[in-house]
Amino acid sequence: MYYVELLISGLASGATYALFAVGLTMVYGTFRFINFAHGELIAWGAYGLLLFMLPPLSLSFAAALAPALALSAIIALGTERIAFRPLRKKAAVTILIASIGASYVLRSALQLAFGGDLKSYPVAFEGTVDLMGVRVTHVQIAMVAAAAASFAALHWLLRKTRIGKYMRAFANNPDLAAIYGLPLAAVRIAVWVLGAGLAALGGVLVGLDSNLDPFMGLSGLIKAFAAVLIGGPGNVFGALIGGLLIGTAENLSTAVISPGYKDFIAFAIIFLLLLFRPQGLFAGRTGVR
Amino acid sequence: MDYLLHIAIMAVIFMVFAASLNLQLGVSGLYNFGQVAFFAIGAYASAILSTGGAPIGLSMLAAIVVAALAGLLISVPLLRMRGDYFGIASLAFAEMIRLLALNERWATGGPMGIPAIPRPEWLGMAPTSLVQFLVIAAALAALALAGLGVLQRAPFGRTLKLIREDENVAMAFARDVKAFKRRAMCVSAAAAGLAGALWAHYLTYISPNDFTVQTTILLLLCLVLGGKGTIAGPILGAGLVMVIQEALRFLPLAPELGRLVAPIQGIVFGAVLVLLMIRRPQGLIGEMRE
Amino acid sequence: MLEARNITKTFGGLTAVDDVSFALADTPITGLIGPNGSGKSTLFHCLSGFYGADRGELSLAGTPLTGLAPHKISALGIARTFQFARVLPFMSVRDNLLAVAPGQSGERLRSVFFAPRAVRRQERALQGQADAILEFLRLDPLSGTPAGHLSYGQQKLLEIGRLLIARPKVVLLDEPSAGVNPALIKQILKSIKELSRQGLQFFIIEHNMSVISQLCSRVLVMDAGRLIFEGSLAQAQKSQRVIEAYLGTGTHAAYS
Amino acid sequence: MLLTVENLTAGYGARPVIRDISLDVGVGEIVAVIGPNGAGKSTVLRAIAGEIAPTKGRIVFDGREISGRSCAENTADGLIFVPQGRNVFDQMSLRENLELGGHQIADNRQLKERIERVLDIHPWMRARQHGAVHALSGGQRQRLALARIDLLDPALVLLDEPSLGLAPDAVGEIFSGIRAMGDRGVSVLLVEQNAAMALAISVRGYVLEQGENRLTGKGGELAADPRVQRLYLGG
């Protein structure tokens, strides 16, 4: 039973890693750079919810969720406009450094607004369900459900809607997309808003599960990055599998090694994948899929 | 007076640290975002040895050697990657080192860190004053900076720049690109190890919290602000950043305002980094460019 | 001297170089021509080690080169240029030459610190050489200018200067005249001829037939990855096979 | 004239690639631009299409000056550019490629009808419409790229090296396809490496060398002109 519980909590955190990874992998697939500030969108989503739940607004959890996700999306669009768009013709490393700077700004702003100590939401979701003798928390169920719903919606969007096809087209062949005159502005907004919204949703779920910590973005970014590498940069559904794999690997590892090394797993995965299969475990083509 | 000395010592240490990164990021085009790992390795090596009773001079020498070896070792996998992938992998490496420091309590003291690291004695008389430490640190730093400067101006540095600008041309003219990069990483790691050792002996206490991504970002700012690829750039950048950072600590502010200093400084530093990338990627002192 | 046997290179399903064999033998300057996409540049990449050939052997004066890394092939005496000029734009014109000079002791860490005088002496000698080369190329007034400020043609000329200081045995030149104005083409041709008199052997990809006719006593013609012709340019111009490679065949259902 | 180009000069950065190129394409005409490597043929097309900005000269399409207009604007006006090389979305399905090719048709139902029409013209496409494009042969991909013409009914098509890298059979099919376009009244400006084929289906040809127009003439006459061969091979 112990291992099953580890597996389930691993899948639950893996589901949030997958949500974190969507934006990172879509931005890489479409605009070809690693957004180091992506983690701060996770943290701002989590703290944004707190902001709307605390006085003076004092919204309910349900009512605060949408504005919290929107806040993250606005921050994402703002960083894109201010820090990344002026650099779009520069080397990927230049944009990476700019995104490192942007992450410092966003994290510091978070600390300025909320302080450096741990926080938690003024509501508690502490219930558990007994599934054939295995204890599963409500939050864990919410994590898996949110990820499942999000990826189903993403699948529909990317495959069936015009904007989704435009997104995939830009990731596949940006030159041809420009010759066809596909709407770059709309694609850019869609990529950033979707990525930030899902990252923020993941952040909220992590916040419900544990605490809000100003450095949660950084650790989320690392998990997301590992998930992206497993799935192959640009591959949205690869990132889902990547996230789930990392979550379960991390949790199961605590059965054999010191829990202090839980985070080590993600780093080791990043390192080994960059070394041996930078194109990801699943196929090698680029593009948002 | 003491806080001026403190600022000076921190600046001197970071000058070496920034110059060490410059040999990779500036001169060789290796975007190492994990340089703090070598800083940490130097600090821990010297701290462990000296608290274990080894003479400080010997501990620091050993720290430099250990850091250089670590550089050599990690260069093997890292140099198989390019550009932003190299950057992320090096960052992952640094975080792995930090986790090791956090978890291997028997050697590093875990999260509690290593306290009571001795300061060097001054001509046999302990304890050393700040002035004396500054003299020692400045002398060692001057030596390291001069060494790095000489390398950069020598044909060695010119070849690194050739590789940075066009690896294919370098290969077409018989340069073993990987071997040159490996040497650059090794030397750079050694210098970072020296900076880390100095830092450990100055602060007399280290813990894994000192070696996070925050330090990496600060270092990156020093280098990019001053001007990567130049000799004076990292010295100027580290001087400026450390003076601002350390001086702010001594602002006579009420505690509720004092709490705001660090995040505001973070916002400013981060914004400067972004602005530099957009407006002046060559930094204050630019290399000769088109 | 340079000899290639059965060189083959494929990408996915496409065979870019198909079983190519030749020897540069005694001709000082050999031309490599053929229509777009016929595999000339890919062949150059194989000869210089930038691509590992799937099949075939390479040797230089009997020394096998097959499978060697580019820098090793270069160290054995084969230098190359690339299709577009690739100077180091931020370095001075003179430093562009110094940076590629072979056998510099100052590239070794030990010498930099423990034999600084020998390093300096060698550096001074190289500087003398570089200045002489720049004078020969008539680039001496621009010696201190960043190479990025040079015109495209001057950059191509500077690439020839790099070959001069590197002193290889064989040079692979990829389109030396492309994008260069007529006056500078003359200067480039003159330099190539002078170098060839000094014993350097050239293998040149070039689309400008007047350049080929002025330089090359022999041409190799490629089409669709294969070597289809070997001989003088005049013979090539009469070869039906070569003409078809360049102009296509009009004998198809499309207009019948 | 449907398209008139006068004294077009264009290039990349400071380096001009083509100088003073003038040419015409009449309604329903197939016109070829040929010349050896590095002559600047593709640059002519890219400048007309709006991919690069000309430094000098006039481009008049359908009675109005179009220099400086973007590719997308020209597409909307009935001038389509089919670039060489990677001219399909190879990670997407064939049908999705058609949908993207017709994205300017805002009405989904109308777009669907147009796609149906294309699939009627090319039955092999119907069979493979949901398959990924990277599984298609080079010739099939090229025909898919050209299917955008059936989709949008343009007045003029700019074709850049449609035969590049194709097997001989596929080249034949592509050229019959282009000829069929001309028969339907679509005008074509064709840049081709395979000069003999291109001239065989063109009413007029322009021969470029070193960025300049060296020869102009009727398709059939140029094909037999020994000067063309000299421009390619010297002598």
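In order of appearance the chains are A, B, C and D, and numbering begins at 1 in each one.
Everything that follows uses one rule, which is that contacts are C-beta pairs under 8 Å (C-beta built on N, C-alpha and C of every residue); 3 or more make two chains touch, one makes a residue touch a chain.
Worth saying up front: this structure is predicted, and the values here are computed from it rather than measured.
*Asks:* Taking each chain's centre as the mean of its CA atoms, which one is farthest from the centre of subunit B?
*Replies:* D
*Asks:* For the pairs A-B and B-C, output the one whose chains share more C-beta pairs in contact.
*Replies:* Pair with the higher count of C-beta contacts: A-B.
*Asks:* Approximately how many whole Å separate the CA-defined centres of subunit A and subunit B?
*Replies:* Roughly 31 Å, centre to centre.
*Asks:* Find the geometric centre of each of subunit A and subunit D from their Cα atoms only, then give the gap between the two centres in Å, rounded to an integer.
*Replies:* The answer is 43 Å.
*Asks:* When the C-alpha atoms of subunit A and subunit C are each averaged to a single point, how far apart are the two points in Å?
*Replies:* Computed value for the inter-centroid distance: 49 Å.
*Asks:* Provide the full list of chain pairs in touch.
*Replies:* Chains touch in the following pairs: A-B, A-D, B-C, C-D.
*Asks:* Touching subunit A in the complex: which residues of subunit B?
*Replies:* These residues of subunit B touch subunit A: 31, 33, 77, 80-81, 83-85, 87-89, 92-93, 95-96, 99, 102-103, 213, 217, 220-221, 224, 259-260, 262-267, 269-274, 276-278, 281.
*Asks:* Give the list of subunit A residues in touch with subunit B in this complex.
*Replies:* It comes out as residues 33-34, 82-83, 86-87, 90-98, 100-109, 111-112, 115, 218, 222, 225, 258, 260-261, 263-264, 267-268, 270-271, 274-275, 278.
*Asks:* Residues of subunit C touching subunit B in their complex?
*Replies:* Contact set of subunit C toward subunit B: 48-50, 69-72, 74-75, 79-82, 86, 88-92, 95, 98-100, 102, 104-109, 112-113, 119, 123, 146, 148-149, 162, 166.
*Asks:* Which subunit D residues qualify as touching subunit A in the complex?
*Replies:* It comes out as residues 49, 51, 70-73, 75-76, 81, 83, 86-92, 96, 99-101, 103-104, 134.
*Asks:* In their complex, what parts of subunit B are in touch with subunit C?
*Replies:* Against subunit C, the touching part of subunit B is residues 147, 150-151, 154-156, 158-159, 161-162, 165-166, 168-177, 180, 183, 187, 287-290.
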